[in-house]
Structures are given as structure tokens and as C-alpha cells.
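Structures for review follow.
One chain, chain A, links the two complexes that follow: it is found with chain B in the first and with chain C in the second.
Up next, the complex of A and B:
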């Protein structure tokens, strides 16, 4: 009987197999569930950039782009289903926008020879390309983020954090736990004390954590949050009158959708970023002309210029540039996932290139190599101006503390290589 | 016409007591088994096994386990997710501590560990019943998830708090880790499903199952006729947790490969498995399969039809999916409160009489 039920389902699924196209990109997005507020702008930006390339340039290198979207709901089981269903259509690269799903995909995608780009999330030690051949996390990773946040605090305190109390409010998952080791190492170096406050999925219940913050009055609060957790945390911080300029979020906790619900109170909240903010770029003229005015904008089309929309654009742009690099390297327009991987490993982003692409002064210059899949770890701090309703960049780009991070990355990736029987090497 | 007892003579007690006394039923069962073991492995691919078969098989084991506790013994449990987590973490610790032992035994041992934990959390059932017991098992759910998050020993001190399964083989073929082939993982899970289903079916037909059902129907009456509530209730918790532990171990090691306890084994998992047995039919092994199929396959099917077939936006499809599945659950429960298993029973009765119902 069980098979009867299944075979009834067979016909519909087989009939619904996706069409093959020249260059297939997958978008494992989430527009539903507790993380949708952050998932939607990113997915819109990612999709709009590829639509722009199709409309303006006729694709990449003359090949049209077929973007297959799959809804994961930030859920690993659905993520696996999405991966398996889009894998068959020849997806060139995966960007799941979920650390949990990235962890899931690291062994699977490596075995299947498909690259994964976890831009600013995922497993930090994937920076070591000798162990993680198919996994990329340029231009910055979580440990960079933790280090940049501490650097910013050092700058504010004249280079001395001795005796300061820092609280980390984190999503109780692989994602939220990523910075702990770095922050602990840095606390040894700089002499602050670290309090860890875990918030369970989905993060709507944070009263006790903020009560503890109210009682202990840490000098600074750093947050690793995502989805509805961000909004709740910022609202709670406002409720206990925590000074917002001492509250710093990682780049995933710093979008308009996170601060707007708290209104005026959120003024002064800080968040990290690894790219610039706003919509004052030539690229936006093209997006308006070819995508928005043509009625082809993804979703509701109301996210243009927001932080996460920009990040989606940036992610798509890096994927497209890697595809171009791969096309040039292999002399063919229709690249395979394996060739795409080579393109990503040899990707070089320069300021000239970014200007030509219509995003001058937007992201860092970096060069990917086999030894370094993670970029150079530059980050900056942005601050929310509630009156003007926009994020302002308040610092220059700062490089993370490489002398602390590099041994950590080497150690973690070696442990992974040993556990999984990988011989590290660049070919 | 298809479903006849006439002419199907039993000449021994063994024949009379077999699981499928009707010939048509028996042949259908053999056919399904043969098909599952001899045909499916040859045609299955990565998508089918990872999106359809594996979740279906693994949730079936969990549903059978919970059905023994809730459906047969009448002890409501909301701790399924927590017990699956015990299975998963036990399997992980065993896999990493004794890499030379075959994964098959690790999965069985993980079930055993879960059975012990299940009995511990089943102790309150001797004093409290119904909703109060549900709350006590809910405590198990939250406590176990908290424990696996809190104590780094359980995840071997990994930085992310995730556990990931290393590669393990059975007869030289990889069944865990990234380099598996679809048929191997499928068969590995299928063997466990068949084993569990046969054991569960025979347990529930025998003395043990009758004791459980007596407790379920009226515990005081059962005690008066000589059923020991302590042993019956705790054996139900042990057997149920054993199956749930196996499903948790397979869920982690074979299906997902890497899990995070809060996300994979949260309270949602407990509700999902509970809904499976309510929709499938309480107190029915077939109902466990039907419920698991309904809740695993329907969302995948809907997604494929709406997004890939009709080309609708993914968010619209995801929302519609909730509405359709929810609507169907309500419709089913109104039309047939005893679940899909009862529908199947009614259909069999009709078939027996067809084409002359009077």
C-alpha cells in the first residue's frame, strides 16, 4: 500500500521535471517562516541581478541564465530536498543563505563536485581551500566579523578593553555558535570578560536573556541573530533602555527590517557590514530601467536599496563574475559546475572591475586562491539613523585580527580533514 | 471478487493465526515487499531517495514507535523529538567511539540507549495520565534538546555544536557520509523499516500488545484482571523509544548526515510524528505508514506540482501548501476520525462484499 501511495505521486513529480537551460543558477531562498523578513530582500536582490544580466546583456558570455528558485524556509530537511531537486538541472553554484544548510551541503556538494558559496556565513574554516575544495566564503566570514567588532570596540576605548564586560546574544545553532571560539581567544588577548546568552530558534522569546543583560549591565552587547530574533532583540534592548550605540549586530542582524519595528528607539544601533550601503550606484539605474520598469522585479519589488537586497545583488554579482572567469579560463560559454569551481578559485575582484559593473566603492578588492577561499576579512561598522531611516557607514574598512584567526582556521580545517579522511592539497 | 475468504481454507492454527489471513492481502504484502526490495533499488536516484523514500521510511519507524505508546498503550507522548535526538546522539557517539563496529549495530544500540532513556521518562506515567502525562513528556523534549546543546561531550566538542556522521560501510558499500549511492542508503533504511514493522506487528498481536491495549482501554479494569500496569506501561515506553531511537539514528546518520539538535529534533518534530499517527490511525501499523506517507509526500508533491509544474512563485506555493495540507487534515478527521487506517479497513469491507453488497 505504501508503494501504491508513492507510485500515485510518481507521475506528477516526473511530469514536473525542470527544463534544462544553458547556465543554471539555483536560489535556495526562503520567503516564508520566521526568517522570511531577512530572506525576502536577499532573494529579491539575487534574482533581480540575474534578470538584469538576461535583459541587458543576454546572459553571461552570450548564454542565458536560468534561475531555479526553491523555498527552504531556513529548514535543513527542505534544504536537502531543494539541493537534490535542483542538482539534476545542472546548478552551477549553491548559495543557501543558511549556515545549517551549508553544513549539510559541504560534504554532499563536495562529493558531487558542485561549488558552494556561503558569503559571510557557513563554516568559517572553509576559508582553507586546501581542505574545502568546493566551498567558498569570500569576502568575509564570521570570525572576521567577531574580530572586526572587537576592533571597533578597541578603537572606541583607546585600544584597551581590560575589565570590560561583553555579552554575546546568539542564535542557539551552528550559526550563532560560530563566533564563540574567536571571541574567547580574543578575550584572552584583550582581557575582557565574555558572557554568552543563547536564544533558541526561532527567537521570539528573549525576556530572560535581556533581563540578565539588564541585571549585569555589560558594557557592550554583540548579537549573532537572524530573522525574527533580530527584531525581538532590538525591541527588548529598547525596552530595557540599553544604550543602542553599545549594541552591535553581525552583518546578518543589521537590515532595515530588523530596526524599523522598534521605531525611534532603535536609533544608534550598530551593525557590521562587508559592503557599502544605500542605492546611490549606477547599477541601480540599469536595474530600474531593465528590471523594475519592465515589470520583472522579483517579489513585491519593494526591497530595492535595502541592506540585504544589496547583499543579494552582490552575491549574484560575485557568482556571475566567477562564471565569467570560468568561461575565460576554459574557453567555453557553457560551463560545468566543476569549471565554475575553477572560476571561483581564480576570481579576482578589483575596484576597476566593480566600477565597470556599476558598483563603485561598494565592496572590497580581493583575490581568491586555493589557499585562501575566504578573502581578506575586511569589515566596517554601520549605524542606524532612525530619523532619516537609513544606515550610515561610520568607520573605514578594518581587517580582522589575522594572527589570531589564521591558527584557528588552520586548526579547525585540519580537524575536519582528519575526521573525513581528506588529504589537504592544492591542485 | 478481489478480496475473498471463500475457498481460502486454513488447516492449522498457525495458518489461522497468521498476520494476513486473507490470501489477497498476503499476496499484496509479498508483492509490496518484493517490489520494495527488488525493483525500487534499481530505479531509484538521489532525488527520489533523499526527498521521498528516506524521509518516508524513517518517519514510518518513528510513527510505528509512537503508535505503540499512544495508539496501543494509550500514553500520550510529546517527547518524540527528544527521543529521536537521543537516538541520533547515541549513534554519533558510538560511531565515533567505535569506528570498527558495523553501523548496523550502532543503530540498534542507539535504539537500546533510547529505550533506557524512554523508560526513565516513562516513570511518571505510573502516577499521572492523559494531558498531565503529555506535559511530563514535553518536559523530556525540552530537557533532552537543552542537554544536547549544553554539554559539549555529546557533540565531541565541535565548534559549531553540530554532529556530522563519518563514512561507514555495510558489506563494503557506504551507507553514511557523502559518498553513498541511492540504492544502498535506501536498502539500509528499508531493512530497518521491515524489521521494525514485523516486530511491532507481532508484539501487538501477542500477550504484550493485549496488555497494552487493556491498559489503554481501562487501566483499573486491566489491573483487576491481572495486568501489571508498571511492566506494561514501562515496556510500552521501552519498545516505543527503541523504535524512535532507531529512527533518530537513521535520520541523523543516513538521511541528513549533519544535524543540529534544536532545529532537527525540536518540538515541531514531536508534533509532526504525533500528527502522522493521528491522521494515519491510532493503534494501527498500516496507519503509521499511511500517516508518514501523507505528511512527508504530500508537501513534496504539492511543491513539485505548484512550482515546477505550474510555475507559481515559491512563496505562494509554500503558503498554499500549508493551507492545502491543513485543509486536508481537517477534512480527513471530520470524514473519518479514526484516520486513514480506518478508511482502508472500510474499503476492505466493501471489497469483500463487492459486487453484491446485499
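Up next, the complex of A and C:
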């Protein structure tokens, strides 16, 4: 009897354990908590893309994809717990989906030899792969975002921002403070004055900040917000009749969730992006056919084509492409996390490749290398059309000011290397 | 008038308005604490749940649609009708009364005469349950709430002050409506507790459960009534805050704004919640205006608590709270 019980237990454990021959990807998602409205579309897009690969292509290189999802609630401690509890599943890469979690995982994942991809968030200087061997933040980071915003304003002002007043409304956290250094450096170069307006978490009350904006009348407002802070800021801007076309949010302040509560008033609000918007791509035909119509869509299947769904889709696609690169490099379909890291470090995304994947004109072309884990820093600007209820990309992809950013990245990453006793170098 | 004085006056007025919104949340805490000695941790979540229910009813959303679709393989999301906001508010109030009854029957009836900390823990459990329940019932997407309350700058105040001082003051129409509603609410609540049979019974229960029971007051009825009134206050707070940011999970965090108000105004005084709200609102806004720029801004959250603590040092029961006398 005892033997039977032990056998049954062993069988149950074996059945419950992930199939190690599969390619395991982790999804540190947040479908609950204050940020669930943003976490759900991203997680759905991420999951749906892998479901599509499994259903249409039989996985990647003939290996099925095993997606291990863990709920973080956008909480750093829970995120770290998720990492610790799932890393044994053989996850090839972690996408923490939170700057706080990313910072915690940088030393842990590096020690464990598992790559981390923080796409459009996390530690900006991780772009220096010679210091941050296992951390990647392509195709763009926060400093790229700040620089692209200024480039857009330069374009609007004939290349001259001298004497202009720019206000930065930011979430009073490590995330919100990320662009300050870049914007300060760029203000020296372009001659604008920068006013910094911090908003305390969660950002439901911003009257003081917007009264100050009303008094000082800055020419432009840039926002680094998240969650409820975005909706309140946009509503307050509408209330004080601030021209919405002069109000630009980072890509985490530019989803449908952020503008819909303000209704018509949000028309003209702008946001940065590193991928295109909408669902008018051939890939979506396949998603409908193999995922949605087959009843295999993640969540309620109602997020297709939203900004954050597209971002999740794009993140999964870049992970899958890195896995393919790793398989080709190492001549095996069943790659390890370390081989995945190699694939990420040699990833090249071109417009031809994107078109072949069914996403023409969706994301910028970029090439990753040991010295450059962050891509080439291309971003674009989108604008909200309240009447049509959709975002439109209104610029081409612009490259961030590498002349200003590269020394900042080098300085910050070298300081990190010194603090942590890392000898920078490429394998 | 010098510019700084003008700006300061505008900030002061907006502080008063913000204070009213804080007081709306604090009122719900006061009502329940006054009648039952329970510090209701779930008050913020009640505001969220009430606002979610209101939007759901107005938009004809099918409750538990996600769950129903997952279990039965259906594709139901909406009933296909929209309900006028006034009727939806009444229906939502019905839901809040039902919730009060359920909470009383399933939780607090079984905890009569328990230590306050046990009752407090029960409300923590209730808060987390309601968060998840609201999520499953109405979904976690951010919903636009429009019950017809005007929003944006009040043009009349802007014009009048511009004519008088050469600078138009910004006052949000929504804040003005909130101030009027809060005033009416406080008057009604004071009249109710002072001049109606149920109100007097409520105060009797608050003073001494056992004595109230001995004279034939139904503890059960009074507590259901109080939780229902607190549900109504939560609905009003949910509408006001939801109109500013959309109805979303973060609404539950507005309770954090009420705590310093309660510390300052006292846990048992309805006028105290209003006065406390106004002091906190003005205090935090003026501090941010005058001192904020020198210390990097974002002072409002912590300064509200510093202000409340300062009051506590000199008056532990709060400005209007009942003085704690323990006979030995």
C-alpha cells in the first residue's frame, strides 16, 4: 500500500513537472492588483504569440513552447518569489515587467546564468553588455525615450528649443526619476529650461502639480507615469485646458486605458512608443485563425490590437526570434538559458524579418551585440484620436541622441561594475 | 494683489476642495466606527465596489461574464441596454444594502463582543475578499464613469477673479459639486443621528451594546442600517473619485487619504471628518506650494500624516473625538 502511494506521488510529481524537453518561457505577469488593467493585455499578447507558434508551427525549431506564468501583482517581493520558484523549470529568459523586479533580478539572474529581458523598462545602463552580461533592454530604454521626446519637440520647433519651458511630471519612484538626468543633459545642449514635478504614489491627487503647470504655462509637458497617475494627469490637463498636443507621455503612459477615462478631452494627447499600433497586420490573421477562433486565446480574448497587447506580442516575438538565433548558433533545438543568452546577444531584427513574421512596419530594425544590449534606441510618437478611439503613429522612428546618451550609459555601468567588482568584458 | 499671494489663495481654495473629497471617504469610516466600534479597513474597497457596480449597471454589463463564459463557453458580455444614471444609483444602493446585510449575517453577527482587533482583522479579510469579488464580478479594466457631473474649470469663478485680480482662479466644477454634496450629506447624517428614532438607537448602540439590547434595540438591524449608510457614503465617494480617474482598482487606495483626516478629526465625529478633511486638504496643498519646491516636491502624502500626528500629540482623541475617560 505504502509503495503504491509513493508510486502515485512520484507519478503525480512527474506529471505536474514541466516537460524539460520543451522550450520553457516564463511570464511574470500581473493580472490582479492596482495595475491589472495594464498587466492583462500585455500578458495576453505574450501568451497568445507563443500559443500561435505552438498551434501553427509546432513550437520553435520543432520544440513545443511551455509557458510558465506566475502572478506578481506588480509587487517586487512577489516578483522575486516568482523568479525563485520558477527558475528550476528551465526558463530560458525572464521578462520581469517591472523596473523594481528587474533591479532585484539583475544580480540573481546573472549569478544563475539566466538572461533577463527588460523591454522598455528596468536599468537603462544595462545596455552595456560588457558589464551586464545577462541583462538585455532592447529595442529602447527610458533614456532613449526622453531623448526621442526632445527630438520630436526639436522637429516641431525647427530644431531650436532655446528659451522653451518643459515640465516633467513624474512618478516619485526610481522609474519616474529615470529620465531626469537625460533631460537635464539635453537641456544644456538645447537650451530649454526643465521644471520637475514629482507625483506621489499612486497619483490620485495631482492638483498641486497641475495648478503649478497652469501658473507657469510650460510650452510642453512630458510625463513619466504609471497606473492611475496617467488617467488623473490626463484628466487634470484637460481640466486646466492644457493643449493636449503639447503633452507627451512615455510608452507606459500611452495605452487606451490612460486616455479613455478623460473622453473627448484626451484628443491629441501624445505618447512615445517603440512598436506600432493597431491590428492591421498579417500576423493578426493567423492569431485569429489559430488562437482566437480555436478558443485558445489568453484571458477573455478581448485585448487584441490594444497598445499593451501589441507590446506583449512583440516581447514574445523577440524572445522567440532570439531562441531561433540560439538554435541556429548552437545547432540544437533544445537550448539552455546560457545558449538563449547567446541568441539574444546576436539577435538582429530587420524589416525583412519583421515582414516575414507578419508584422511589417511594426518595430524598428536593430542589432544586438555584446557591447550593445539595448538596440539602437529608436522610438516614435503616437497620438490619440478620441473620436476614432485609436492611437495613430504620427512620426517615423527616430534615433535617440547617442552622442549624449552613450557617455551617460558608460559612466553609470562602469560605476555599477566598480561597486560590484565586475570586470567588464565580452566573451 | 502680489502674484504669490494670488497663487497661494488659489492653492488654498483648491486645498479646501480636495479636503472635501478626503472627508467623503472619512465619513464612511466614522459612521461604522461610531455605531459599532469597528475600524472598517474595507471602506476604500467599498467605494471601489460601489463605483464598479454603478458603472456595470449603467452600461448593462453582465456580472461575472468572464466566469460564465469560461464555464459555459458562451460569449455574453452585455445585456444590450443602458440604464440612466439616477436609476442606476438607486439600484447600486440596493446592492450596497444587500452587501451590508450579507456582511452582517455572515461576519459581524458572529463576532459580537469580540475584541476590536478581531473586528478590525475581519474587515481586512472583507476588504481583500471584496477586491477579488469585484474583479470577478465586473472585470479589472478601467471604466469611464459619467453620471452627468460637470468637470473642468468653473468659467464663472475664472472670469470673476480675473476681473477682480487680473488672474483667474482655477476651481474644478467636480470639486464644487462634491462640496455641495458633502455639505448636504453631513447635514442629513447629523439630522438623522440626532432626530430620528433609528439615529438615536444607533447612538445608543454605539454607547453600550448590552444596554441597547436590554431596552429592545435590535443590534442586527442597527448594524445593517449603519453598513448600508456607509455603503451609500462609499458610493458617493466612489462616484466623485471615479469621475476623476475612471473606475479602477486604485480607487480602493483612497482610504489612505482618509486616515490622516480621521486621526485629526476624530473617529467618532461626523463634523470632525469634514473639518479634518479641510485642514488636511489645505495643509498638504499649502505645504507643497510653499515648501515643496525646496525639498523636491511630492510632499503631500507624508505631510498629511505629519500634520495629523502633530494634532494627535496635543489631542489624542482628535479635534472632535470623544474624550477617552477610563474609570479605575
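The working rule: the second predicted complex is superposed on the first by the 406 of 427 C-alpha atoms of A that agree within 3 Å, B and C clash if a C-alpha of one lies under 4 Å from a C-alpha of the other, contacts with A are read in each partner's own complex, and residues count from 1 in each chain.
Rule of thumb we're sticking to: a residue touches a chain if its C-beta (ideal position, glycine included) is under 8 Å from a C-beta of that chain, and two chains touch if they have at least 3 such contacts.
Being a predicted model, the structure only gives us computed values, none of them experimental.
When chain A is checked against chain B and against chain C, the one touching more of its residues turns out to be B.
Of the two partner chains, chain C is the only one that A:227 touches; chain B does not reach it.
By the touch criterion stated above, A:420 is placed in contact with chain B alone, chain C being left untouched. Once chain A of one complex is fitted onto chain A of the other, the partner contacts of A:240 are limited to chain C, with no touch recorded for chain B. Contacts of A:172 after superposition: both chain B and chain C are touched.
Once chain A of one complex is fitted onto chain A of the other, the partner contacts of A:107 are limited to chain B, with no touch recorded for chain C. Once the two complexes are laid over each other on the shared chain, residue contacts for A:198 go to chain B and to chain C alike.
Shared-chain residue A:181: touches chain B; no touch with chain C. Looking at the shared chain after the overlay, A:387 reaches neither chain B nor chain C. Comparing which residues of chain A touch chain B with which touch chain C, the overlap comprises 31-32, 36, 40, 172, 198, 200-201. For chain A in complex with chain C, the residues that touch the partner chain are 31-37, 40, 172, 196-202, 204-205, 207-209, 211, 214-215, 227-228, 231-232, 235, 238-241, 257, 260-261, 263, 265, 295, 300.
Residues of chain B touching chain A in their complex: 28, 32, 35-36, 40, 46-47, 50-53, 55-56, 60, 149, 159-162, 164, 166-167, 177-179, 255-260, 262-264, 266, 286, 289-290, 293-294, 297, 300-301, 303-305, 307-309, 313-315, 317-319, 344.
Touching chain B in their complex are the following residues of chain A: 1-3, 5-6, 9, 12-13, 15-18, 29, 31-32, 36, 40, 69-71, 73, 75-77, 80-81, 84-85, 87-88, 99-100, 103-104, 107-108, 110-111, 123, 172-174, 177-178, 180-181, 198, 200-201, 299, 412, 419-421. Listing the residues of chain C that touch chain A in their complex gives 7, 10-11, 14, 17-18, 66, 69, 73, 132, 135, 139-146, 151-153, 170, 172, 241, 244-246, 248-250, 252-254, 257, 285, 288-289, 292, 296-298, 300-302.
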